[in-house]
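Shared chain: chain A. Partners: chain B in the first complex, chain C in the second.
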Partner chain A sequence: MDIRKNIRNKTSYIFTVTKIYLSVALILLKRGPFLLIDLWRYPWLFNFLKLYKLYKIMNFRKGHFKDGSVCTLNGIAILITNYIYDMLKNPDKLVLAEDIIPPEIIRAMGLTPFSPEILAIVLTIITPDAMEKYIDICENSGIPGDLCSLPKCAMGMALGNVLPKPKAIVASNLPCDAGMMSYVTIEKHMDVPIIRLDVPYNFRSDRAITYFSEELARMIHFLEEHTDGKMDWQELKNILKERNKTQETELELWDLAKTKPTPVASEMIYLSHLVTFNIFPGDKRSTEIFRKLIEFGKKNLEEGKGAIENETYRILLWNPPFAHFPMAFSWAETKHQAVLIMDSMTFNTIDYVDTATNESMIKGLADIIMQGPMSRHVRGPSENYFNDIFYIHNHFKIDMIWVADNIGCKMSAGLNEILREKCRERNIPVLVISYDLMDQRFTSSEDIKTCIDNFMETIMTGNLETGLFDTDAKHMISTER
Partner chain B sequence: MSKNFYAGCDVGSTTGKAVIMNDKKILAMAIVESEIDPELTARNALLKAMAQVRELNRLEDMTYLVGTGYGRTEVPFAHKNVSEISCHALGAYFIDKKIRTIVDIGGQDIKGISLHDNGTVKEFVMNDKCAAGTGKFFEAMGRTFKVDLTEFSKLAGKAKKSISVTSQCSVFAESEVISLIAKKNPPENIALGIHESVAKRCYTLLKRVGLNQRITITGGCAKNKTLVKTLKQILKMDIAELSVDPQIIGALGAAVFAKQNGK
Partner chain C sequence: MATETAESKSFGSNGNQMMFSLFDTIIRSPLNRFMEQAVDEGKIPIGYTCSYIPRMILSAKNLVPFRVFAPGVSSTEMADTYLPSTICSYTKSILDFAINGRYDFLKGWVLTSSCQHMSRFFDNLKHTVNPPFIKIIDLPNRVSESAIRWMMAEMNELRTDIQTHFQITVSDEDLNEAINRHNDSVQLLSAIGELRKNKTPVISGTEFHKLMMAALVAPEAFLFKPLSDIKDALSKRELKEDYRARVILVGGQLDDPAYINIIEQSGALVVSDRICTGSIPGLDPIPHGTDPIERISAHTLTKTSCPRMMDNFQARLAAIISAYETFQADGIIIEAIKFCDTWGLEARELTDSLREKGIPVLKLEREYRITGEGQLKTRIQAFIESMGK
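Entry: the complex of A and B
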């Protein structure tokens, strides 16, 4: 039986991977012979082509959850391939945009947005050691080693000359000092005009929205001045209308995740959001991915099944997921019957964008940027951080919080200690996993597993019955026979 | 005489500990130095403890055996393995049911553990990426002064005042201490400064899990009287002294667990 099952699994894996590679190849081969030059100039493309590694996730999943996971990976593979293809194809329209800057405006101007941080995350998810040499390049250039490794990747790729030279750079003061500093290095090395958007510290007010809308208007003016891009308001309206549709569809997916046991989980929730809303928001393909995921979830619901058999624990992951350990959640499902329900990078309470006027669209986008994940969590009062956590805990019936405590994130380090105290008051189990976002050399996947195992064994399942102590120790503390 | 024998074996990075119990009492306990092979460490510790129990001749005669410690998964003759966090909590609570907070200073890590009122683990934090404040740290510091751990503790106990050692890293601390010795600072004052730096590290760890009375200290470093005294001063709280060797608390917890499972 096991041999048959193995053969069936392997055949299914090979078939799925072959199919997706054909689609990826069809897109990339449009570059013709230039693709060879691209591979030589941008060696990280080889890492991207190791995409098949992600599909190993299939081996841990069953039924509609497996189908949903594959659907997520397929959708993402196609979107990222297109993202890379656009970047290679349109060097004259390229705008290097920090990951926090949503790409809607840049696209509406007929330009091609490209974020080194997003590329670094995607490549690390595919090949865990993909960014190590760029981190080393960055540190060897004199950048302090204790900065967050994500900006170190962006700087390392720029300093290593493996990023295409853009026409302009859009950066901001989000989300942290290291992020801000990285764009000084990138700007100096690339010698490209740059604009830095100033995001107000206290952002929940009309005054902040008005101020930041003016900043976005300044960005449009800057891009029109330094690139061939021209603002097309009708195109922006189309993008934002579609963005609203994607958001509405995603909310339906989240509704499914509220069910116990959840019919949708893990990559279907966090990876789908990460790629669609950060790379292709306002794109029909993004909405379509969520529609398909909802179908798989509904099938599970109709059949009375959860995404995994015997769902025992529901996880809220706080801070960015372990980029170099993408198998963490499928492993946790098998080992501990624990499913990822929601995470800090996905969850938001942003309103739909009002597309009635140019001003309302800019205001809507200003709100999206200011209330983006990480941005809203580490700016303003600490309640911004905790309110989301405890709302999600309650709303999605979470059993435990896993905090991915990125060693380079100085801003969340203090917050996480307060979080411990707040969770203690509420009797919520919390696990703080110390790791480096992009560098597995600090905490390996095995170390992360050990940390989770210790927590699950000791706090979630291993707490022993009081009956253990029914013997009076006083009579036993003697080595006499 | 009961024919049931329950054992706990704590395979640590520096020492292996074993405790054997029957249904009524603790029969034997042993501490051995760790070997490279955790299985050998476990075997040595258990055999040393078994030598104190006339009726026990073979490992196979053990009714139930629980392994714990960093090498716990490498003990093939254990019926079950349990994390050292649970075992330290269980062992300390077994001895004193009022214990709510534990600091365990082992050979290669420090743990802060808080307990529920029923003795189960409420929270824990570990310092496992850095040797500062661990038994290895004390060993390194003792080497610098060319004394063993007991002498090092006694040396610090003689100090009139302490000289702060600022480095939290074992490697840098060693360099700093060598510089302080070279500057003719009294060795006992430097030694006390080292103890204070470890006690402050323990305090930080304990703060993270919540400081609730009654507090105790377990692990090999709990035998360092100067450290316990310094920690008391820094915490401004009393530290409960357990009635058994604090180094075997993990193994004792494992044995209690074995007894409960093997019944």
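Entry: the complex of A and C
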């Protein structure tokens, strides 16, 4: 039986991967012979072509959850391929936009947005060591090693001359000081006109929305001045209307995730959001991905099944997921029956954009940027951070919080102890996993697994004799430096 | 002891260094004797942490500003509980002092979102100490007309909050008076600072920094006389050219003159400083005008030049080069506290840009408290030699 099952699994894997490679090839081959030049100029494209590695997640999944996971990966593969294709095809319209800058306005101006940070994340998810070379280039050039590795990737790729030269750069003071400062290096190296958007610290006020709306107006003016782009307000309206639809559909998916056991989980929630809302917001293909995911979730629900069998623990992941260890959640499902329900990069409470007037659209986008995941957690007072955590904890019936403690993220790390104390008061188990967002050499996947194992064994299942751990220690397991 | 040695070496041991002993005393501990006197007189000391916080508002009426520093900090165990090892040691040092009650004489705190470390200092200070009055100023990352308008709104809010909490009225007239006092104070310090342009300066970088620090941590009113005395005494001071190179010090938070003293002991005279507590651009007076809030906001936002201001790299570079030329410096030393994201990256870009212009640069990474004195001296000496001095 096992042999037959193995053959069936392998056949399914090969069939799925072959199918997706054909779709990817159909898009990229439109470049014709230029593709060879692209591969020479942008060697990271080879990393992207190792997409098959990501599909190993299938081996851990069953039934509709497996279908949902494959659907997510397929959707992502196609969207990313198109993203890269657009970048290669349109050098004259290329705008390098820092990861937190949503691409809606840039697209509405007939320009092609491109974010080195998003590219770095996607490539690391596909090939864990994809960015190590660029991190090294960055550090070897004199940039401090203690910075977050995401801006280090962006700077390293720029310094390594493996990014296409854009017509303009849009940067900002988001999400962090390192991200903001990285564009001094990128600007100097690329020698391209740049605009930097200023997001207030206290962004939850009308004054802040007015201030930042003016910043977006400045950005439109800048792009019209330095590129061939022209603002098409009707196109922006179309994009934002579709964005609202995608958001509405995603909320339906989150509603499913509230159910216990959850019929949808992990990549279906966090990876789908990461790619759709950061790369192709306001695109019908993004909405379609969520619609399909809801279908798979509903099938599970109708059959009375959870995404995984014997769901025992529900996880809230705080801070960006382990980019170089995307199998972390499928592993946790199998080993500990722990399932990822929600994460900080996905959850948000952003209103739909009012598309009635040009002004209302800009205000809506201003709100999206300021209240986007990570933006609102690393800016402003800590209430922004804790209120979301405890809301999600209640709303999604979370059992434990895993804090992905990215070594370079000083803003998050500066709140870890307060979080521990607040969780202790509420009797919520919290696990702090020290790692580096983009660099597996700091904490390997094995180290992350060991950390989780220790936490699950000592805290969640209490397998060890009582008395070995005092009540305080119950909440203090971590791999902290 | 080290301080006295360096001063004696550069300017003769004729007793002149005694003139700075008052300032040494002031910066030895957070609660200095002048601050103590001010507290006894019913003044309201307010702690602040950054040059982007306008001292003028905090010195209006019976308020007294105190630039928070942690002299003599040796370890930060309490702060280490709350802040990770990747937070800058200035932040940790002042949190540790705060938790240990070293700033209990302060009646309030005004902080700013100048960097992420400071933002989290605000959160952790509130969580651990929970001062009765604590306010964080939302500081724009750009200098523009709309940013100045934003800053004015912040300043008005700060004034209102102070008035409400301390039950005082801070009128425009009070603010104008505070601005005038501020201008008098910086003009006096500027006049002393100008002496550093001489080929054989009568004041060392270490000594000047003592004056600067004292002016930031003691009430202005108490310092006019001692500063004027210093200015007069310097005119009679014996000159002695006993240094190998003239350097400009560039960097962020540095509030311990002993660090500059180590540089000077190694043979490099610090003739100008572009640091948070230094003379560039800290000693620019506030221009005349009608609305004090507008004057304070525009001045604070435009004159201070931290790497956190996204669009101003070229302006900062130009200011450093200008100082290099004006003060006839031989080289530039850039110091940044480890884990400071803004200065860490700025230091790299400044180093490259200055070297491209043929200016010798030494980049140093340091902790808030002085560590590795021997290594530091070796690096300074090697830098001086590399300049052929």
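Assume the second predicted complex is superposed on the first by the 462 of 481 C-alpha atoms of A that agree within 3 Å, B and C clash if a C-alpha of one lies under 4 Å from a C-alpha of the other, contacts with A are read in each partner's own complex, and residues count from 1 in each chain.
To be clear about the criterion, a contact is a pair of C-beta atoms (placed from the backbone, for glycine too) under 8 Å apart; a residue touches a chain by one contact, two chains touch by 3 or more.
All values derive from a computational prediction rather than experimental measurement.
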item: First (chain B), second (chain C), both or neither touched by A:Ala178; value: second
item: Partner chain in contact with A:Gly142 - chain B first, chain C second, else both or neither; value: second
item: First (chain B), second (chain C), both or neither touched by A:Glu457; value: first
item: Chain B versus chain C as contact partner of A:Glu417, first or second or both or neither; value: both
item: Chain B versus chain C, judged by how many residues of chain A each one touches; value: C
item: Doubly contacted residues of chain A, that is, touched by chain B and again by chain C; value: 417, 421, 480-481
item: Of chain A, residues touching chain B in the complex; value: 417, 420-421, 424, 432, 434, 443, 453-454, 457-459, 462-464, 466-469, 471, 473, 475-481
item: Complex contact set, residues of chain B against chain A; value: 1, 21, 24-29, 52-54, 82-83, 85-86, 90, 93-95, 97, 116, 118-126, 129, 208, 210, 243-244, 256-257, 259-260
item: Chain A - residues contacting chain C, complex; value: 141-144, 146-147, 171, 173, 176-178, 180-185, 188, 196, 198-202, 207, 211, 214, 378-379, 381-382, 407-408, 410-411, 413-418, 421, 480-481
item: Complex contacts: residues of chain C adjacent to chain A; value: 81-87, 113, 115-117, 119-120, 122-124, 127, 136, 138-142, 144, 146-147, 150, 153, 307-308, 310-311, 313, 338-339, 341-342, 344-346, 348-349, 351-352, 363, 365
